[in-house]
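One structure is given here, and the rest of the page talks about it.
By written order: A, B, C, D, E and F. Residues from 1 in each chain.
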Amino acid sequence: MGRPVTLFTGQWADLTLEDVAKKVSDWGFDGLELACWGDHFDAEKALSDDSYVKSRWDILNKYNLKCFAISTHLIGQCVCDPIDQRHKSILPARIWGDGDPEGVRKRAAEEVKNTARAAKKFGVSVVNGFTGSSVWGKLYFFPPTSQADIEVGYKDFADRWLPIMDIFKAEGVKFGLEVHPTEIAYDIVTSHRALKALNDHPNFGFNFDPSHFIHQFIDPVMFINEFADRIFHVHVKDSRVQLNGRNSILSSHLDFGDHRRGWDFVSPGRGDVKWDQIIRALNRIGYQGPLSIEWEDSGMNREWGAQEALKMVRSQDFAPSAGAFDAAFSSKS
Amino acid sequence: MGRPVTLFTGQWADLTLEDVAKKVSDWGFDGLELACWGDHFDAEKALSDDSYVKSRWDILNKYNLKCFAISTHLIGQCVCDPIDQRHKSILPARIWGDGDPEGVRKRAAEEVKNTARAAKKFGVSVVNGFTGSSVWGKLYFFPPTSQADIEVGYKDFADRWLPIMDIFKAEGVKFGLEVHPTEIAYDIVTSHRALKALNDHPNFGFNFDPSHFIHQFIDPVMFINEFADRIFHVHVKDSRVQLNGRNSILSSHLDFGDHRRGWDFVSPGRGDVKWDQIIRALNRIGYQGPLSIEWEDSGMNREWGAQEALKMVRSQDFAPSAGAFDAAFSSKS
Amino acid sequence: MGRPVTLFTGQWADLTLEDVAKKVSDWGFDGLELACWGDHFDAEKALSDDSYVKSRWDILNKYNLKCFAISTHLIGQCVCDPIDQRHKSILPARIWGDGDPEGVRKRAAEEVKNTARAAKKFGVSVVNGFTGSSVWGKLYFFPPTSQADIEVGYKDFADRWLPIMDIFKAEGVKFGLEVHPTEIAYDIVTSHRALKALNDHPNFGFNFDPSHFIHQFIDPVMFINEFADRIFHVHVKDSRVQLNGRNSILSSHLDFGDHRRGWDFVSPGRGDVKWDQIIRALNRIGYQGPLSIEWEDSGMNREWGAQEALKMVRSQDFAPSAGAFDAAFSSKS
Amino acid sequence: MGRPVTLFTGQWADLTLEDVAKKVSDWGFDGLELACWGDHFDAEKALSDDSYVKSRWDILNKYNLKCFAISTHLIGQCVCDPIDQRHKSILPARIWGDGDPEGVRKRAAEEVKNTARAAKKFGVSVVNGFTGSSVWGKLYFFPPTSQADIEVGYKDFADRWLPIMDIFKAEGVKFGLEVHPTEIAYDIVTSHRALKALNDHPNFGFNFDPSHFIHQFIDPVMFINEFADRIFHVHVKDSRVQLNGRNSILSSHLDFGDHRRGWDFVSPGRGDVKWDQIIRALNRIGYQGPLSIEWEDSGMNREWGAQEALKMVRSQDFAPSAGAFDAAFSSKS
Amino acid sequence: MGRPVTLFTGQWADLTLEDVAKKVSDWGFDGLELACWGDHFDAEKALSDDSYVKSRWDILNKYNLKCFAISTHLIGQCVCDPIDQRHKSILPARIWGDGDPEGVRKRAAEEVKNTARAAKKFGVSVVNGFTGSSVWGKLYFFPPTSQADIEVGYKDFADRWLPIMDIFKAEGVKFGLEVHPTEIAYDIVTSHRALKALNDHPNFGFNFDPSHFIHQFIDPVMFINEFADRIFHVHVKDSRVQLNGRNSILSSHLDFGDHRRGWDFVSPGRGDVKWDQIIRALNRIGYQGPLSIEWEDSGMNREWGAQEALKMVRSQDFAPSAGAFDAAFSSKS
Amino acid sequence: MGRPVTLFTGQWADLTLEDVAKKVSDWGFDGLELACWGDHFDAEKALSDDSYVKSRWDILNKYNLKCFAISTHLIGQCVCDPIDQRHKSILPARIWGDGDPEGVRKRAAEEVKNTARAAKKFGVSVVNGFTGSSVWGKLYFFPPTSQADIEVGYKDFADRWLPIMDIFKAEGVKFGLEVHPTEIAYDIVTSHRALKALNDHPNFGFNFDPSHFIHQFIDPVMFINEFADRIFHVHVKDSRVQLNGRNSILSSHLDFGDHRRGWDFVSPGRGDVKWDQIIRALNRIGYQGPLSIEWEDSGMNREWGAQEALKMVRSQDFAPSAGAFDAAFSSKS
């Protein structure tokens, strides 16, 4: 269809933005989805230093790249999560502070608000990210877990995110939650529940990423159909179930890339996502935004992979029909 | 194998023949299978006006295109069908006339005879098409339907088509029925029954199109194996089953392209047809004719699709082995 | 759960009601669902002759059998159908009359109204049956069939059935359409469409019969979930898909019982219906009515089969849990 | 084979031991596996009050029931778990105390030691149970989770359970961990890891329960094969995957019994466990202990279910062959 | 249907005929299929000693058992096989003689002829058995194996078995080859080839045994359909594919009963044979003979198994319908 | 990853080495794996004539081709096999001699030793090949076959191959058995048994070829995982299961290329081998050698096929990741 294809820079944050921009431009990408970490995009600097925003655009323009969204997965995660040492490794020092959990959560929430403000200033209308969840760890209902126990988590989510979403509304920016295990919404049912907790806030929707549904055995197309008007952004990421009677779908506390896991992320086109069906569904709902490759495959060289993925997307992103066909023939004599 | 690849013009009849010819020539096709509607091929004109036949070849030659078959699906359909208003939309006014069903059927039968004569004059030896059926609507045997009830339909088919086939024989032209729901033959069993009704008339055979078998769960290769010497022409068309526990394989009175249907046509190579197996089977029976892409996909731009389909066919149409292999090695020292 | 198990007498109409009653009583059934044909139940007689109703109950009581519903599939079919000779074989002479289609349809509609009145008089609150359909024969959308073409059929259905349903409402009787190919509703989508055509008439619902969904590849449980408050009656009937690459799911104009068909009815418990899941779904929606075995299997002796089916139902119709379990353990010390 | 069939009393703790004993004796069970909660078995009383042990045996003997194992799932769970309010609901007040997490864990550990002592005194050689886990909540490796993060959990497990296991060894009692999500071992890989953490302590093994593997897509027979000499006890419990493209295998924070979950426990014989294969594997490894039905099905009446399950086990627990067959025939003339 | 159910005594030849007869009579079998080894049936004695035949019937009659066939698998195997030491173990000394292969084959051929004569004298019209094959060992075509190489085997088979079959014809006895790996016919294609090699000899047909098709992935019903008039006898035996990605369908030179094999025989009803479909197919072709259980399961006690199998057969051997059903209803009013 | 891609010349031995070299060089291959037959590589000449070795390299160098291995499948096969006329067709006259089986086997064994010596002289460190097997023909255990019967075959294998392997060790050359039906090792279990028979001789390992596992239903990745340090060489060859209920996986004594077989070899990429998973497994074990296309497809022109296969390999042979990913993001800000 000619949707722009961007690369999400989250997995390339060891490189400078300029290095990433040069590479993806050479490979033929149309743009970048900037991660709010590494040196790619810093919301605080964007707000405090007008030249910073320009410096980002200068790099993008130099390589003829567009930008439609920035992403704040790491900080967003800390808004609702119980905080432990793992969070320290994904946060800037100013957010971590003394590491007191409630303090971390509050500083993270303020930073997400600032990210909305920075997005507005930067000129993009979508911020993608995570929300964290205080009840994810109670996934399996033992010790016996009641709906009241779970509802506490959704209440906490609403308390923390409604004020954030009001800033987004004020700035005219949308937040796209990437539905994902560890988040307040990780499947279709919990996505409805999260929306309901926020009273269907108009600025809250989803960064659709099918890779997180595959290992849950959810058909990603069903997600698109149920949340047609809340698909604010799309990630092209893939995963594959690798079950053999011994591997567990819960993955055995094993690292990504370990073949004894029950599933893993793989380069887009090599997994179980049926991209033809995704494109048809996106065409059906009229999604006009970018297709943003979030490239992750622990068994493949990333430069090979990113180029292969781009080629795959170009071959799949076809335009819908101009007009409906008759059953078999376009017209009579 | 280097079989010629043609495009069936039925789904492009909103364009002039010249427009279609120019496009497909640019895309790399070898020829066209002309629909007997639109301005592509008119049997009556071909018989009455010698310059008409030449005008068609002039266009084809201008774009270096071949033609192996013409197709009369719309008029053929009306030979046996109970006639209703839907048929009016697919017929020229001179065939529809006053719309009296038996009159329509008789005029359609004469037109199919003329199509054989026109094919001869035009220099092609195959006419593809439909036959219609007076018993298709009794598909599900309720109210209780006896074999006698069905046999009436096959008798009617024979009464109408044997005279037609005698003209084909006289002209040295073959008729290739596209086995298809709504026709007298829509699967393997009914194809045998149709052949038997015509006493295995030597000029009656099939335009093999696997897309119509997929949603019936028939293996198209079995059709090729059972009717090896009756495969007069081949359509490259694809379809896909899209069942999810809610969709019906009977498709719920929904339009093609509606994702709630249980199956749909898709661009060749994107469906459930296993083309590698089709090519092997065609090689096995020694089919030497064209592979004619009948392109239909309600969810895709047709220009994108036709080019993609051509590329798919070229990648699949391999030549058979020159000689059988030994089990593992071609020769000894 | 101890739901009553009845036998639908439609497939036993060659026997007198007394003969059927004696057999099923011996076999251990709890009751009968009376067909409105054979000598089992005659709506006209019930209305005109007070002793007739008593005579039916006398037989039922003699064998200690209950009755919860009567069924008018044959006459109901003729309300919307295009009428042909097959309908003559399923109608009493007084309804067939001179066979003029519109006359047949009108007399059938009146008879269905009378059936509601007779049900009231007989003391049952459910009439099951078919509706027929003027558009079933247009199942496959060729010649090109528009939604307008189909809508004509639903309009016709509403015009004929709304007056009928008003009688049902007046009598306090419900009509349970057995969703089935050849009817105005044959799957989930068309069931919604039929309900909408009747403006969700409160007396119109369904006689749930999973056997008709199996060969359409629809999960019967989804039907129960979507129409939870419209399940007025339940048929226990089974079918089986028998595909092998050669058989067509459309069944090749072959008789029931022919192994070359793509599917067939089989004795309950021997097909593809997952009864455990059906019972759980019925428990979930609180269905309290009978489980009525409609026994049909062209390859099995019906007396063997009916008894086997009864045994199957008794083994599956378990009660729901008295209380929800904790995740693993009912209580603590 | 005639292995004794027992009922695990954990899901019946709302009834007195005498009530349970009477029921299961009537139903034909051979014995009980006593839960260490409700009034079924109290380790503390068993140690402090000699008459208590006798009182339990008196009830069992009165109903002609055997006992091979006692089970301490609830208290065991608290040995390694992060403690929250849910744990309070499964613990006796004396263990919960002031609810300080480390205090709870320590008291739970002491209680498990006492359970070993009580088992010895009661005359059974197996205690089944859970271990809890401090790292279960880190199941999905985001925020990025290292093997070092996980190893902390196994170290904690070893620190707490090695002293416990030494008591078991001293008493001559075995501990059978029921491998299960939320425990230190929940699949094959983590079971190896747990054993390794305990230096393959000879008294630590498994209460094999296949129901917890089904929804992880692990073949339970593989577990038996890999831990043949560590199968100390066997639970007969079943579960079923119920995926439809919308349900998540992670179960959407929904209660057991909700049909929107991706899997659920069902009465033994109604789920995906292949009992024939389990019995063959147990025969192969020479397991001679009881088959203990842990009955749990949120959609079924438990009294119906327990009896049905017993019947299923009796029909499956066949003896192995006395001698190997020749390929086809037992001997020659 | 009430076909007689017999037990094939081949796997019980360690017991005397009287011992077997007593057991199976107690279990409820209708008769025995006697193995021509052990003390069950000795063709030589039957021909030379008139009292021997009577002695066999005396035992059968004492236990009220019928006999429809005798079976000569072991000696039949030696007619065409390359002979090695394994054959010695399945032959009586008088057939083995000095073990010279051609001598063994000739003596075995004479014994099979005598078996036909003995069957006639004994009063049964079917002898089941094996044929052996000189080309079975060339199963995988490496070193490169030509059709000429294989044809040698079929020629050898014809040369040895045509004279045998002429004796069968003269005696009015049929030979039922149990199609099986290691025989001249082991699947559908080779069965046709074997029949052709014998010029469709009228006395040569098959002892249908579905267990040998399961691990070849052949649908047993297809065999019945293709050889409808050659099904002389039926074995009820079952097998199961047990593949897990590591097991080989070729079974790794492992003993029956080893779980690392890719398939194994299991007690009838516990394997992959779909008995419902087998019974329907036998009903369809009008097979009226016995259902003879050949019981073999290396993992199960045979006495348990034989009784379980009998129960399974009784539950499956239903009669066909007395008359065809209409689509849905047996008759009209 | 940039592994070199070679073509195994076994199926091209009708062409001179020069002809083959020219073709594959034009197509873009990196090298050849030379068959020790045709004029491609002659071990005897290599040892006796120093110019011969040079002549081979001259051709290879002329076309810029590498060589990493030579292959002796045909002669290796004769070391353990029972010898029949089929072997004559695959042997040079000097090895066949008078055809006395034991003489043939001994000469073949000597030739394999010389092949090791020639490889050393030629400068390659791997010889691939077959071993033959004296017990392959006893594949199906009837007549009853004991483990002692099979062990004879492994003893024979060890007796013949241990002396050969000692020469390999002395020469510093490895032998890669292509695990394959008809060989002493044809699956995972028998590969372990073969290794054990040779006391895990360090110079004996495998030429991994997944095509031989597909029709046994073995996951090729499991082979790689179990024999990670014994994968000396890799063949890229593909096969496909083509079962339809009538075809037998044992292939009915039918030629390769016959569509009635249950499986067949097909051009790499068109079969059931999942190359992505193979490459990941080879990356995991650190295999650094060539990927050698052994091209065989009885239904395809070999020149088309070899080029297509090369393209497939290049698209699949990706490099592993330089570093492990974090769960989702490469680094923090």
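Odds and ends about this structure:
The working rule: a contact is a pair of C-beta atoms (placed from the backbone, for glycine too) under 8 Å apart; a residue touches a chain by one contact, two chains touch by 3 or more.
Computed from a predicted structure; not experimentally measured.
Chain centre most remote from that of chain A: E (centre = mean of CA atoms). In this entry, D-E is the pair from E-F, D-E or B-D that repeats the interface of A-B, since more than half of their contact pairs coincide by residue number. Here the CA centre of chain A is 63 Å from the CA centre of chain E. Per-chain Cα centroids separate chain C from chain E by 46 Å.
The distance from the centre of chain A to the centre of chain D, each centre being the mean of the chain's C-alpha atoms, comes to 40 Å. Chain A has residues 74, 89-90, 140-145, 219, 222, 244-245, 255-256, 327-329 in contact with two or more other chains.
Residues 10-14, 35-39, 42, 73-74, 89-92, 244, 255-257, 259, 266, 270, 296-302, 304-305, 308 of chain A are the ones that touch chain F when the two sit in their complex. Considering their complex, residues 74, 77, 81, 85-87, 89-90, 135-145, 147, 149-150, 180-182, 186-190, 193, 215-219, 222, 243, 245-256, 260, 262 of chain D touch chain A. Per the touch definition, chain D reaches chain B in the complex via residues 244-245. By the touch criterion stated above, chain F contacts chain A in their complex at residues 219, 221-222, 225, 276, 280-281, 283-284, 318-322, 324-325, 327-333.
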